[in-house]
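Listed next: structures, encoded as structure tokens.
After this come two complexes, each holding chain A, first together with chain B and then together with chain C.
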Partner chain A sequence: MPVPEPESASAESQSLTKAQKKAEGRARQEQQRAAKAAQKQQQQSGQNAGSSSNKSKGSTVQKKPASESNKLSSAAASSSKDAPTTREGAVGADGLSDGPKSRGLRIFSHFGLPKTPGHQIKGDIHPAIVKLGLQFSEFKICGANARCIATLTAFKTVIQDYVTPPHNTLSRHLMTHLSPQITHLVTARPMSVTMGNAIRQLKLEISGSDIDLPEQDAKDALCQEIDNYIRDRIIIADEVIEDLAVKKIKDGDVVLTYARSSLVEKILLRAHSLNKRFSVVVIDSRPLLEGKTLLHSLTSVIPPIPCTYALLPALPSLITDADIVLLGAHSLHANGSVYSRAGTAMVAMLAKEHSVPVMLCCETYKFSETVMLDGFGKNELAPMKFSLDAPKSNSNLEVLNPLYDSTPASCITAVVTEVGLIPPTSISSIPLALGRTTL
Partner chain B sequence: MTSDPQSTANQRIVEDLVSRLRRRQLVGSRATALETLLVLRQVVSKARFSNIDQLVNIIRSVGRRLVDAQPKGLYILVTYISYSFLELEHSVGNTVRKVLHHIREEYHTANEQPAAESSFSIAKFVLQGQPRKQATIPSSESRVPLKENDPDDPDSFARVLKPVLMEAIQDVFDELETVYDNISKNAKDHIHSDEIILTLGMSKTVDSFLKAAAHYRNYTVIVAETAPSYGGREMAKSLSSAGISTFLVPDSSIYALMSRVNKVILGAHAILANGGMFATSGSLLAATAARSYSTPVVVCAGQFKLTPLWNLYHEYGALDFGDPSAVLCFDEGDLVDKVDVVNPYYDYVRPELLDVFITNYGDHPPSSIYRLLKETYDDEDNEL
Partner chain C sequence: MDDFQIYKSYQRLLKNEDLSTPLAAILALTEMMEQSNAGTMFELLTELKGAAEALSRQSLNPIGLKAGCELFIEFITLFPHDAASFSELKTELIRQGQRYAEQALAYRAKIAELAFDFIKDDSVILTHSYSRVVLQTLLLAHKRKRISGEISGSNSTCECFSSHVLCFSVFVTEARPRGMGIKTAEMLTAAGIPCTVVLDSAVAYAIDKVDFVLMGSEAVVESGGLVNAVGSNQIAIIAKAANKPFYALAESYKFHRMFPLSQYDLPSHNPGVLSFPQTMSARARPASSGLPSKASSVLFDNGSPIRITQEDIARNNPDVDYTRPDLISLVFSDVGSLTPEGVSQYLVGMFAG
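== the complex of A and B ==
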């Protein structure tokens, strides 16, 4: 800090000779400031603070005012730097930052805030992706399969509309064009494992595309690859799984399912079309109440499938009647735990307790190499629009709607995949069996 | 009951309570117990009897009337279950049993039969639980020799005994009035600082227990909403208004959050002799999830919920079903026609899933509930 020596000395002498008269010292300082116009406001206030604090100490500490004001300003700066961050943290956790709440906030802080629709668009985002982002954040497109197919379809449009800039190659540049699109989708809603797997595959295809290929041909080839992925890993896989799972439904069975899995829905409809006589127990729960959608499609076939509907707390009364439990999954992890709609774990747990076989229906593209130990570490919160009739959050009350939970492998009897029925613990061997060389 | 004019007055108040129970205008175990007690007090005060058996019969017949009058859950498994098991508001029968127990106790004290009580034996202990403590409290009033079946003055027995009986009923009444305070008085020993407690549904007992602990401890409560009644929302509001840090979650996330929960605290509808309990539906899910994470499950309940019944065959609790429109409302018109909707009120929770019952008579493990029952009621009243 450029405090001129004579000035500070004179100030010091001022405060020394007229120790009691602070006001006069200030007046003298004002004069000095007039003489030295270069002196800044902040410095002067530092000088003031220094002189007033030092007035009883004596002239031995000459440099102190400056260093003190330095400290003060730096402390002020750091505190002003701290303030926004703490405020941000509080906002990130639903705008609650009261003392006793902080603990509760901390353990739930990693869940992430439910996204508000109409989030900001940063950078060059393709309109198809903007639309998709809104559909994601409003839960218009929901479910691992639906989201994956929608993403890939949107990416086809993006790739077709993409023009390689000069002095660049498609195989190197396209990914840099796609990554902001992906980021935009992730800000709309955290990425599903299925989307992650599909995008990884797409990246592989892009980087492997031939440099010498004309641009349009390369783009067509990529779109073809995307179509193949959707066909092979999702649509055909689902058909194979349907065939396998339908064999496990016998006449007179009571099939219990939870919420709505598109795959389980297809299996039940297939079994119905094969004239199997069975009834379905649909267990459902807030926040999404997706089971009602399943009920609609099961009862709209002719003749309607006999259905029983109940909410999760009623499950113990119904599980004893069930012969088989069919569940869907969001993703399947290397340790065999199943990441799926919140509530699935309890259905599987109770089914195991009552010795009812639990069949998890899941395509292999939902496999993830990560390990999941409990449903707490990674989760997502449903937006507030799903808890409108719940009491409003206040300083002591917070409404949380986790969307997922993790079912331990021990509660799953078998996983139905397009490569057959396998125990959940042998998930990790499947990617290798499918021809993947690296993990 | 003899057909004297007083008994019609009795019948009227009994019928009044019966109809309110039937219409579910009276819900909640404690409220029901209090109302039952009021009716019994009326009945006893107006009753004419000349020996103890007559009195016991009068009370029993009122009790039976109240118990039988309640709506019965219809279920295919009915064949397995003893008839009295179907009563829904168990606290009615329990209160009657408790009053009978107290009346007998007073009668024995007044009658003074020290010879029978002096010899303790293991057989007797097994039969009756702890030896009665009646000999320790000598009645303060001047001892009038009790004369049963006095042909000259048939009311003399009643005249002498009635004040004592009223006192006994008042004791039961006082116990019910203070039940929440007594359950909550040790709350701080069960809940520690920075713990995360999971509870569900609306239970006044649990509510007062948690609030009592909040005076001493700073902790967090996660409340499951408990669809379709959504009693948990009410509970969460009540707890948060008392300054407790509260999280309201859907039932579906109980398992996901269980790994961070230190204790599950539940309310009970009825505690059975084997140490199991009937509780709000959803309790079994929470208790089972807690077991898979080895989280302790604590049940807070007043002693009037102790019910001398065993549940050996009925593995699950749906004896009573609620309004299906709460689950699938009539807005979903086309679905309502085609779909069966199930909405049970209660779960049966097995004793293995529970760790402790906190009652106004101290803390008990499920395995010693039968002993508490022996102390509370007389064996001959198990079937009213």
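== the complex of A and C ==
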């Protein structure tokens, strides 16, 4: 965007002083970072030792498969190896991210900015949470369901390793122990609605746990509650949704989907296993290109599902062939609008325009009692690593990759939940979605 | 009671003019319960579900019937089990079923009361096919308006006469293929309500003269939409295009937990609907020996003209269609006047809670 002459001059003078300030700030940051890196190195080596000892113990605490912990330890090792060189790397990265930041990102400055992977660790953070934070910020664990399950699983470890300090009760104190852990996860990546709902439920369970219960029993009970939550609200819910949604896929249908939703993937695979003859159009978009993963899993079954893969600009020519659109969601709001991967709104609107029914697949625990009017109030930006091919030299260019958008209720034909197919506006009348698990 | 018997009793109940399909289904199920020798609740429910399944299998258009069965089975499942013995509980359930059917007959009067307020003097109403609740509403409105007309204009008899007769008038669509609209027109004319039958294809022509549309329903589905005699959807679309209110009338037992995504997602849709007559063209083609002659489009080779009868047309056409919720202004039911969103919330609250 060309900037008018006088303004640019003033901006220059400003940027001069800004640059000075920035230089100072950077020097200070550098010092902190060096100290932090050293600290982290220590911690990570400690964590490495911990994880290896866990492995030797048979990994009772760490529920993750061995391969993942391997990956983590190698990643940690590589980062610790990088630690001396992080200075240069960080400066480079800062220079890159400072560009758009200094230009203010104008109206988008309130979006959750992508975090650099090695963000600060404040206070007493459990290694499992540190690991999870890294996985979140690196987008190794991505997607509302996966993040919620991973968070709850990590909290189970935290709860098991927690010891109530003397003169305290578990029901009163555990939450103060968990709060910094949650804060750490939020600094890694803004909290998802699913995590928020699950944590609220967990808080309720903690505050309600019996004071007279022996500590280990109380911890076991809490872990059991977490397992139940994962089972009831996610795993079983997904199975019910699969059953309901599969009924709407008929022989000869062309199913169109956008990006990748774990639930949509499961539905399509289930429909395939029921010998339904249908084909899939996978629409995808930069920066995450998650559709590729979906495409891979759909084509690697035997016999492979016939698939078409196209990017969002090709949608208008493909939507006319579609019989049904299946979409996933990050969260569903009280006014019926759907917060989902950026591009979903476009797919839903175009489908409505061509009167193709749009089915949104979403568990009730993804319901949020807030009202969402557009995608600007709340959003998140994709990290820099997904926009590497953007020209870096042009300082007038700001790269903006919002991760989510908001689809109005009018563009959604039906929401498939574990309590049945409902219109998007009726989600608020389901007691289960409001957290009331009993009638 | 076997599958055939329950269907027979259902058919017998349907002969009663006042009973709509959901109520007939509920009564058929209570009759089945009377004869059932199930010893436990589980057995009874299994039997009921089997009977409901059998009924909908044998019926050509099972939507309304399913709504009734669904409601009854839900009621039985949730009924408090505080009777001393199972047989006592069963008689209580049967009694409740019969009482519900009795009470449900009064629902139409309730709906008529609600809809009556929307019928202003001199309004022109469009209705489709034959619906007991629409008919009852119109008759009630006619009776009330005539009385109020007589009271207000009692001193000038001549004017009174013209005002009370013309207090509102009705367009009724013919509603092919069953032609049930003619029955409505006959009954309205007999009651003294000015009434004209319009062709199904003339709705768009007539819509500018119409003040609002009153529509009965076979079922109101979870999206807030409507399943009704074929043609309702097109009337709704035309009413929307002409900015006329579209009011649906439905007793609450017609609320059905079903979510059709499109017309072809209805349970009444089968591959035969809107299919192209393969047999006829297959027969015609070899006979016409390659080159189409001028006459081949209307005549077989043997010279007999191709006749398409009304039955042929009806066979390939749907009985019911689905009206999207965004085309509906209000749904009047015995639980109140609801917006389509309100209907879906009521249904979700009733069944998904």
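What we mean here is this: the second predicted complex is superposed on the first by the 323 of 439 C-alpha atoms of A that agree within 3 Å, B and C clash if a C-alpha of one lies under 4 Å from a C-alpha of the other, contacts with A are read in each partner's own complex, and residues count from 1 in each chain.
In the analysis below, a contact is a pair of C-beta atoms (placed from the backbone, for glycine too) under 8 Å apart; a residue touches a chain by one contact, two chains touch by 3 or more.
Here the structure is a predicted model, which means the values were calculated and not measured.
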Superposition on chain A - do chain B and chain C clash or fit: fit
Which superposed partner A:Thr176 touches (first chain B, second chain C, both, neither): neither
More chain A residues in contact [chain B versus chain C]: B
Partner chain in contact with A:Leu318 - chain B first, chain C second, else both or neither: first
Which superposed partner A:Leu295 touches (first chain B, second chain C, both, neither): first
Touching partner for A:Asn275 - first (chain B), second (chain C), both, neither: neither
Which superposed partner A:Gln216 touches (first chain B, second chain C, both, neither): neither
Touching partner for A:Ala310 - first (chain B), second (chain C), both, neither: first
Shortest CA-CA distance between chain B and chain C [superposed frame, angstrom]: 17
Footprint overlap on chain A, where chain B in one structure and chain C in the other make contact: none
Residues on chain B engaged by chain A in the complex (per definition of touch): 194, 196, 218, 220, 225-228, 233, 236-237, 239-241, 243-257, 259-260, 280-282, 284-285, 288-289, 292, 315-318, 327-328, 332, 334-335, 338-344, 347-348
Parts of chain C lying in touch with chain A, wherever the complex brings them together: 222-224, 257, 259, 261-262, 265, 325-326, 341, 344-345, 348-349, 351-353
Residues of chain A that touch chain B when the two form their complex: 100-101, 103-104, 107-108, 285-287, 292, 295-296, 299, 304, 306-318, 320, 341-343, 345-346, 349-350, 353, 374-376, 379, 390-391, 394, 396-402, 404-406, 408
In the complex with chain C, residue positions of chain A that touch it: 248, 324, 355, 357, 359, 410, 413-414, 419-423, 425-426, 429-432, 439
